[in-house]
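Letters A, B and C mark the chains in the order given here, with residues in each chain numbered from 1 onward.
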Amino acid sequence: MAKKKKNRNVAIVGVGQTQYSSHREDVNQPEMIHEAVRLALADAGITIDDVDAIVHGNMELFEMIHQPDLWHVLGTGGYGKDSFRITTGGTTGATLACAADNLVASEMYDVVMTVGFEKLQEGHTTGGITNMADPLWSRQLQTGALTGSTGYKMEKEFGEERANRAAMMYRIIMDKHACLNHNSHRSFGLDFDQMDELMENSPRLVGDLRLIHMCSQSDGCCVVIFASEKKAKKMAKPPVWVRDHITVHREETFNIFGFDENYPVPMTHRFAAEQLFARNGIDSPVDYFDVFEMYDPSGWWGADWMREFFLFENDEHLKLIEEKEIMIDGKMPINPSGGVTAANPIGATALVRVAEAALQVRGDAGGHQIPGDVNHALASGFGGTMWTVLMMLERELSW
Amino acid sequence: MSDQFGIKVEEIFDTMEERFRPEGAEGVDASYGYDIQGVGKWKLTVKDGQMKIEEANDLGDCVAVTITDADTFVGVNIGQVDAMKAFNSGKFKVDGDLGALGQTAKMFTKFVSGKKEMTVGDFIQDMFATLEERFQPKNVEGLDVTITYDIQGDGGGCWTATIKDGTCVLKEERIEKPTVRLEVGAADWVDVMLGKVDAMTLLSAGKAAIEGDSSLALKLGEIFSKYIAPGEMAEPEQELVRLKKVISVDHRFATGPVMGKFLQGLKNKKIIANKCPKCGRLQLPPREVCAICRVRVPGVVEVGPKGHITINDIAYYSSPDPLTGETRETPYGSINILLDGCKGNETFWHLLRRDQIFEVEESWNEKKGTRVRPVWAENRIGSIKDILYFEIDK
Amino acid sequence: MGKRVAICALEQVKNEPDIWYQRFQGMLLDCLEPILEKTGVTFDMDKGIRNVITCSDDVFDARTISDSGITDVVGAHFRGEEKMAQDSINGLGYAMACILSGHDDVVLYMGHCKESQAESRYMNTNLAYDPFYMRPLGIDFLSANAFQARAYMEKAGVDDDHLAEIVVRSRKNAAKNPYARENEMVSGDQVKNSPYLADPIRELHFYPMTDWAFGMLLCSEERAKEFCDNPVWVTGYGSCMDSYFPGDRDIISNFALKNAASRAYSMAGVKNPQKEIDLFELTDQSAYQLPMWAEGVGIVDEFAGGKWIEEGGPDKSQVNLSGGMLNGNPVMLGGAARVAEAWYQLRGEAGDRQLKKPKKALAHGVTGAMGQHHGVVILEK
């Protein structure tokens, strides 16, 4: 796809996140959102009066609130402002970021605040995800977003031992990162010497997908503020530039595939990465990016998807894991925040990836800041039936 | 001095040296100020993995200055006050770089007041001594169960609570086949009871096990009121109301001509796919279009009904069916079947007979998996459940 | 700013009370096929549609991620798709931003809703309220609107006769619109004798249950000629959110609509809407909203709605020639249905209801009850 010239530059200028937690009985939905809104405004050094438009997103059926932006205006500060509500399932948070980038670049708005949230404690999450399936057939067969097929596929290709170890190693690394991030909902303090025990004892969910591999159900809100170049340069913190983004969806029918090498199935992750990197002239993403905040719903998917996003062909992704190069001080740090297994307030989760990537670029990630400069960051969103969103962030306006 | 918590502010600063974690301060070179109103000002300097805490009047060169009162400061440090809430309500202000202040959280182990130094064993004894009085009969009407706590390691033991007729009797004993048995290390259990870690976390990490009725284990919080350690205040905060509501709106879904043909087929014991006029791929169940070719797909073909298993997803966890509220028994086999007449990825998704889920072979590349056949419901109504499940075609 | 985007194609199915014979997937496909055919647009990654914006609602579809069931029928397999979960007018505003940003140059915009699917649409809209206070009180979009209706009618001198006139006119206009829901022609007396749903809103004062789907092809100014000869231009957009609790709001002030309209006017360079705009399409879920929203967009003096009806204002200002939302469009799709009417009128394809060479039109959509959120679009020939 040809490179399209952006109408004007857009930067992330403020980030606010609540503590992610399994339960927030102490606040209702607008109150929880308000916590993150205040933090983001404080981070940007602006007030709500400086915001032109709000983009709000989550999934209605998780809390059973229809058009919740109408109620949540009490917490978002959207009163009197232009406001949008854009949702795309698990990718919602990333879509909010893309939408804010588009809205600011269009010159229709100078400062746009995105609000991604979920209060999963207030509904039944796996039931909510099952509701995604077609009511005419698959809803009666499905179990939320759980499948063991990735494990099966990896075991076939790399052997049972190596695949299981890689997935568990990935998971333990994510937990080590989560322990550095005070916003984490879950940080267990896992250690590498527990690998065998976890592979044996953590309860199975589906196939070799175990409870320890799987993401949590969290409450929480993430707010990210985007601004035009002119405004961004006047803000309190250095701007983090949004270079480009891409969204790739696929059809709903969700047959488990990949068991027959004569019928390869193109992956949205790879397709999105190929398109995005080609049009931005990036030949080797693993060399180019200094950090990748990936939407990794489970240890298995995290390990497997690295291959797609970095356009690897063989076992380079497993090697990166095995050599611990995806750790915070490694060659290709993945999810210094701890990722989705550390916290998963679904409507916010993909926006958290963008927010955390931006904090890394700015050097403001605190306890989980990568040592050394972070000039180029990548964030991904995942949802729907293998939908993917990628967003590239940069420290300098140099492309 | 914090009147609310009976702990001196000075105590927190005085213990900083011994609580310092050099690994948490790696690469930090900064000073942090603390302005505890009505008490005094302190300055923390961190450099080269070393720290210094001193009383200081000038906090001018600090990257962040915390401004708060004694109660809030102590409360946050002993975990009785939520820092985020205090921050949002303005009781806990930060002048300077908020992100930098966050680093200090990693530099120190948690402050523990010198007043109560209970051992794990003390806690365990106290927890079980208070269990009967913490029983909440009104929450568990009609419950008739036995719960065995198998607390392992130093300070542990085995207790069994018998709940019947609205009473709870606890004995230090092990019984045969309790309704549910919890197995967990003593220190971990103390952490759970003190709210430092949630039980699900231990379970996930394989540090705890539940045998028997696991749903009962999840209700322990309702059966017994929260354990309060000696000297702690009972429920310092207001009681929070949680509103429970089941939301139900009846629906009537159109099936349309395409899905309609498929469902009609099932009624007549036929499995109907449709075939893309351009690329020839089969879709099961049929869709209005071929997503790849972006063309309408009018033609249908009958496939199966037998086929071979490509992948058998054995599910150990099942969520309630949102349409019926029923939860499937686990484990069950969620299978993808390549029905006769289909190729490649044109698989059909259904369930496998429960007693056969560990008997199947999956297919991989040229290798064919176990052959299966559908078992049809007697009364078929045009639903995916007209096929009860697939079974091995022996 | 002077930048604009083109609508190069618009297709819709007929508004019907109950499209029981088709899934919404089929309805959308019926809209997509003619768009592809008439414009020759493709989904080529370089030159075609890379992004699809859809509009639907999880609660009304009874489905988490309501857009997950339609990826294939809107052509979004291995392309982008983003769902506007608000009134569709905002989807058009967002599509405009996607194109003006430079990120996309061709955008497909589609929407669907089947109100007939749920046992009660009022049960659905009740879910828009907080679970603690408003929801248990039984408030839904209809009963909330009744509060506003009472307050507005009192202040603006609008009575039951005026509302009857609005309903009769809506049905007459809709009868000339081949895509409008087919409703019985009614007399003023019939309207005045129809039962109250929520006083002062009578059954015939409230839009009937409807199923519908639509599609539009949008593109940048530079590329418009590739897809059609006479595009309709989107030149302005604005929206505004009011507060939530009815007690917090001045419910007759038109606060949000005035802001939304003035933002759209300023973007499109409209100084005097009454003079410059040839037709107005307003999303009137209920009859009282026609004069009220007309005040909000600035073509009627504040609280002069009653007088405006008596003087034949709706016909003089060419308001809701389509029949309006009042004749029947599903929730969230009112705005797109209004854009559709503007599209036919500006292109001279409005048949029996065609105005003489209109140049500028306003289309409006509303989300929530009592006009909590409004969106306004300015369209030009």
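Throughout what follows, contacts are C-beta pairs under 8 Å (C-beta built on N, C-alpha and C of every residue); 3 or more make two chains touch, one makes a residue touch a chain.
Since we're looking at a predicted model, the values are computed, not measured.
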item	value
Chain whose Cα mean lies nearest the overall Cα mean	A
Which of B-C and A-C has more C-beta contact pairs	A-C
Distance between the centres, which are taken as Cα means, of subunit B and subunit A, whole angstrom	19
Chain centre separation (subunit A, subunit C; CA means) in Å	33
Chain centre separation in whole Å, for subunit C relative to subunit B (CA means)	42
Multi-chain contact residues (two or more partners), subunit B	247, 251, 253, 255, 259, 287, 291-292
Residues of subunit A touching at least two other chains	64, 128, 131, 135, 250-252
Touching two or more other chains - residues of subunit C	62, 71-72, 77, 124, 127, 131-132
Subunit B-touching residues of subunit A, taken from the complex the two chains share	18-19, 22, 25-26, 34-35, 38, 42-43, 64, 124, 126-128, 130-131, 135-141, 143-144, 146-149, 152, 156, 180, 182, 186, 188, 190, 194, 197-198, 200-207, 211-212, 250-263, 265, 359, 364-367, 371
Subunit B residues touching subunit C - in the complex, by the definition given at the top	243, 245, 247, 249-259, 287-292, 294, 296
Subunit C - residues contacting subunit A, complex	1, 3, 45-46, 50-51, 57-59, 62-65, 67-72, 76-86, 90, 93-94, 96-105, 124-125, 127-132, 237-245, 255-256, 259-260, 263, 267, 367-368, 372-373
Complex contact set, residues of subunit A against subunit C	1-2, 4-7, 28-29, 54, 57, 59-62, 64-71, 73-74, 78-89, 95, 98-99, 101-108, 128-129, 131-132, 134-135, 245-252, 266, 268, 271, 275, 383-385, 387
Parts of subunit B lying in touch with subunit A, wherever the complex brings them together	24, 27, 82, 84-85, 88, 98-100, 102-103, 105-106, 198, 200-201, 203-206, 209, 237, 240, 242, 247, 251, 253, 255, 259, 262-263, 283-285, 287, 291-292, 310-311, 313-323, 334, 336, 343-351, 362-365, 383-385
